[in-house]
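A, B, C, D, E and F are the chain letters, set down in written order, and residue numbers restart from 1 in every chain.
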Amino acid sequence: MDGILALAAANLISPVILSFALGVAAALARSDLTVPEAAAKALSIYLLFAIGFKGGAAVAANGIDARLVGTLIAGLILSALLPFVAFALLKVLTNLSRTDAAAVAAHYGSISIVTFVAGTTVLESAGLTAEGYMVATAAVMEAPAILSALWLISRGNGDDEMEPGLWREILLNGSIVLLVGSFIIGAVTGQDGLDSIASFIVAPFTGVLCLFLLDMGLVAGRGLRTSARLLGAGAIVFGVTMPLVGSLAGLGAALLLGLSTGGAMLLMTLSASASYIAVPAAMRVALPEANPSIYLTLSLGVTFPFNLTIGLPIYLAIARFATGG
Amino acid sequence: MDGILALAAANLISPVILSFALGVAAALARSDLTVPEAAAKALSIYLLFAIGFKGGAAVAANGIDARLVGTLIAGLILSALLPFVAFALLKVLTNLSRTDAAAVAAHYGSISIVTFVAGTTVLESAGLTAEGYMVATAAVMEAPAILSALWLISRGNGDDEMEPGLWREILLNGSIVLLVGSFIIGAVTGQDGLDSIASFIVAPFTGVLCLFLLDMGLVAGRGLRTSARLLGAGAIVFGVTMPLVGSLAGLGAALLLGLSTGGAMLLMTLSASASYIAVPAAMRVALPEANPSIYLTLSLGVTFPFNLTIGLPIYLAIARFATGG
Amino acid sequence: MDGILALAAANLISPVILSFALGVAAALARSDLTVPEAAAKALSIYLLFAIGFKGGAAVAANGIDARLVGTLIAGLILSALLPFVAFALLKVLTNLSRTDAAAVAAHYGSISIVTFVAGTTVLESAGLTAEGYMVATAAVMEAPAILSALWLISRGNGDDEMEPGLWREILLNGSIVLLVGSFIIGAVTGQDGLDSIASFIVAPFTGVLCLFLLDMGLVAGRGLRTSARLLGAGAIVFGVTMPLVGSLAGLGAALLLGLSTGGAMLLMTLSASASYIAVPAAMRVALPEANPSIYLTLSLGVTFPFNLTIGLPIYLAIARFATGG
Amino acid sequence: MQTHPAKRVEIIIEAPAQRRLVRAMNDAGIDAYTILPVLGGSGRSGRWSRDGQVSTASGMISVTCILRSDRLDGLLNAALEVVERHIGVVSVTDCEVLRAERF
Amino acid sequence: MQTHPAKRVEIIIEAPAQRRLVRAMNDAGIDAYTILPVLGGSGRSGRWSRDGQVSTASGMISVTCILRSDRLDGLLNAALEVVERHIGVVSVTDCEVLRAERF
Amino acid sequence: MQTHPAKRVEIIIEAPAQRRLVRAMNDAGIDAYTILPVLGGSGRSGRWSRDGQVSTASGMISVTCILRSDRLDGLLNAALEVVERHIGVVSVTDCEVLRAERF
């Protein structure tokens, strides 16, 4: 228990987390500090490219094996099933409409790549590593949850046809294409490729992440300021319970697959995290009737900071305990 | 005297200064070279974050002592009093309206963080260092001058009430929040924090500064081209005299405080420099009647290049002479 | 022959080329992946600044000699004459209007700085270097082709007066000013200057280039998707023949000048490449009647990828053969 | 100077609906329009701003379409169909254009 | 298609006055508007451009507000109060809107 | 509130022609205008978008000019001269302005 608290404290006092806190504080205090939209988008392109590339290079180094394939399939199933769990939990805890609940559920089945990266950092500071293909697992988990949510709704409406081209538009979302594409580039060019651009995608990575989290803090704080009143106590309870539930589902899958401690912790983190880039965009297209303020505030304003600060050390502690790592 | 000239020459032939010159030349020649607004804002976010963080980490390394507190108080007083000196000088040298003079005065009480950084670079190439808390002093000096200027005006109008929320808006200006916030993050995370992001905020810093100064040169050159006719000879004389006056005030404070040669030079630089980010924005809100072309052209088009090229070597020479460093 | 193929294959499997391919693929698949305009412009500013500076520093290291002057003059002549070759070729291969053909011809006389950089990378991986002043040659070759194209048109119209200020506007195009300006800064500040910003303009360069090429791939793919139907088979044949013709002209000049193998290869590359930044902008001003979709698609969608993938290894093989390097 | 009456329609709509709107407009035979960026705004669903947004989910655009009056109803029907499901506002102004043959 | 008359007010104003303008509009009971970015312009105080600006001091925005005519005077009063102190221009156009109940 | 009739001219034109347009407007004695950025659009020459563009060749701007009706013809002539050679669209709307003395 002491170990968890020490790790949690160390995690909290890192430039990355404090940058997020600075952003939230500035937004709540109504400072006019903002990161231009183009700069925020550029930062996210950099992060996705770097994360994908490094993941691909790691797979190139380790080769493809059965466990890799198993983990990808597990990720796919987790992403597809977690929305049903989330939906049921929302029905119990909140009185959101069916549409809003389905939209929120899609976010929690999908993943947050920055939470994933923060998880990697926590692992590193604990001296652990994970399977290289976890990035590929993250990519696989982006989209299935969206389909599940749409199915939840269409079942409710008795109309189970999807607009033509919609599924394609969801899968070809820029952030998914960039993550998968750079993963492939990393896998194809391997260590040589990584060496040639390491001083761009490895060395300055944590620093860039600080600025990105500053921006996310600003956006999250602004969302909390303007939309917190839309969330009842039940929704907030959901926002911190669902990650824990998700992480346990991830743990179960990791144990079945026999992942390392680090791998288990990252699969838990992915399952626990909620999307705030790809899924919100997909929801505006596929479920425009759902209220964006609800799912954005819940995902970015509640679950993201919860995972970043409290969740990650807990997931690591549980993963260590369960895998004996 | 020779030493000053040699140093001034070396300072002039640096990538940073020449990038500024390139920007000015391109703008005067009416080239369509521009840095996109979002990119310029992103560069300034990077610089403020890096400067603040490094300053905070330096304080964490050296600890807090009485001289630190004294220097912060001195900075506060300098920033609050210099506008009165500037205002008086403007009344003598120019026939600016009371409002325009007060707005200009606010800029010269406050500081330019890029001039400060350029000062640090000059120090370094002379093999000197300064107290780590000079960044905090810079932050403290941003805003008091604005209040003094508003007081100068309201006294003139016989109306000394300030719009509610205005002071708050001035203090929560994005650049101040970012500088102070990253200073705190640097102070809290210390050397470990700095190490984790040094390859982002330390190694590429000078290069980023070049691009930022290229942009500042472009903006300054454009301002000179369109607004130089608004400045009479008196205003231009003010633009090069006031920094010298300010630097002497800073020197006095530094000698009283017993700062090192480097610290004295930087306090001189801060006092000599004029704001062109935080104060112009505050003036548009607090004194919208003042003509922005005047204070922007004077601060960015006259005083900034003066300090960058001629001022800094002079301040260093005087600081050395006065402190025996 | 085997050597060429091996080199071509190695060239193809580099992060830089694969990033371009990713962009093209994403655009053709209609993904919504985009790089914000401001970020793309910022990347290009970075690249021009870095390329120019490094070129200038290289010249500072090697000094100015007669061959340098000769090469600049050769570049100037190549850029001025190649449009006539291109124009003649277009008349044979396509039925473009006189205006469209002249506009296309201007692009092929001028140069693409990213193709030049990719050429440098291919050289490096073959263990070769080139004369430092090739960057200056690139800068010199940007504009003359535009004048030739305008002369081609005005001769056709029997009106040979140019709008006042037009030539000035063309020469002061932002990308030319930045390349020349940073070249001068590099030449003036030399190795010391380069050292002070190397961790910004040298270390991360290849990584930044990847993101830039991702963006170029996106733009090229979008152009191909919307405008490929504007190009007949003849135009596409031109798009791959003209670079070969240009490269041979470049080779001839290189042999006359006695350049090194690397220098010959780069002069071939410059002659073979087609502009897609400076010249399109100039054409919109000088020849607004020409259809931009034609010259942009041909230059960025056909010739650029051809040079990047197939052309560069060929030019290197020929340069080696001809110079005995 | 000779000008000709036309209609200027401005559709302020959330950015993720852009493809859908363009498709609906194309189906109605309208393929000339201009898209302006929007920085922020306020409405029944509260205030929002584009600052710092990474996702394309939050953000609006303004689509301007100048056309002859006889084609107005086609456009409005197409726009309404999309705006009914999405966040958005449609307004129509009378205007005059040069070179009527273009519209 | 059924449309309803309304007013379209466009306020081009310097960016630092945005908060003040929004506050004045809110005080007048108006809280639906859209803000467009402005790249540059020219007026009595000369030319300016947003290029490369770091400070928020230089720069303008365009605030568009569509509303029923009976609320126009409230808005214009609010706008005038702010525009009188700040750099800015106000124009009003007649327009037609779909779904009048929103305005 | 007292308003005054005026004309609102909007010129959507390719960005590289901006200098030429401004020069033509200045020659016609008009030097008050506002330039808005344009994200993308579609017309007879196909669709385009500003995304990722590095060159200034591709891209349009929207120039808004509010002026008294008696100066309208001067502006339209100036605009037409430029728009005839370049890609662009011109529209004119009746509007009302506050503080007529400014226009």
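Worth a mention:
In the analysis below, a residue touches a chain if its C-beta (ideal position, glycine included) is under 8 Å from a C-beta of that chain, and two chains touch if they have at least 3 such contacts.
All values reported here derive from a predicted model rather than from experimental measurement.
Shared contact partners of chain C and chain E, listed by label: B, F.
Remark: chain A and chain F have CA centroids separated by 45 Å (rounded to whole angstrom). Separating the CA-averaged centres of chain D and chain F is a span of 18 Å.
As a whole-number value, the distance joining the C-alpha centres of chain C and chain D reads 39 Å. Multi-chain contact residues of chain D (touching two or more other chains): 36-37, 56, 93-94. Across the assembly, chain A contributes residues 32, 34-39, 41-42, 169, 174, 199, 203-204 that each touch 2 or more other chains. Looking at which chains touch one another, you get A-B, A-C, A-D, B-C, B-E, C-F, D-E, D-F, E-F.
By the touch criterion given at the top, residues 14, 16-17, 19-20, 45-59, 85-87 of chain F touch chain C in their complex.
Within the complex formed with chain D, the chain E residues making contact are 1, 3, 6, 8, 22, 31-37, 61, 64, 66, 93-99, 102.
Touching chain F in their complex are the following residues of chain E: 12, 36-44, 60, 62, 72-73, 76-77, 79-80, 83, 89-94.
Within the complex, the chain A residues that touch chain C are 36-39, 41-42, 45-46, 49, 53, 169, 172-175, 177-178, 181-182, 184-185, 188-189, 193, 196-197, 199-201, 203-204.
For chain A in complex with chain B, the residues that touch the partner chain are 13-15, 18-19, 22, 25-26, 29-39, 42, 199, 203-208, 210-211, 214.
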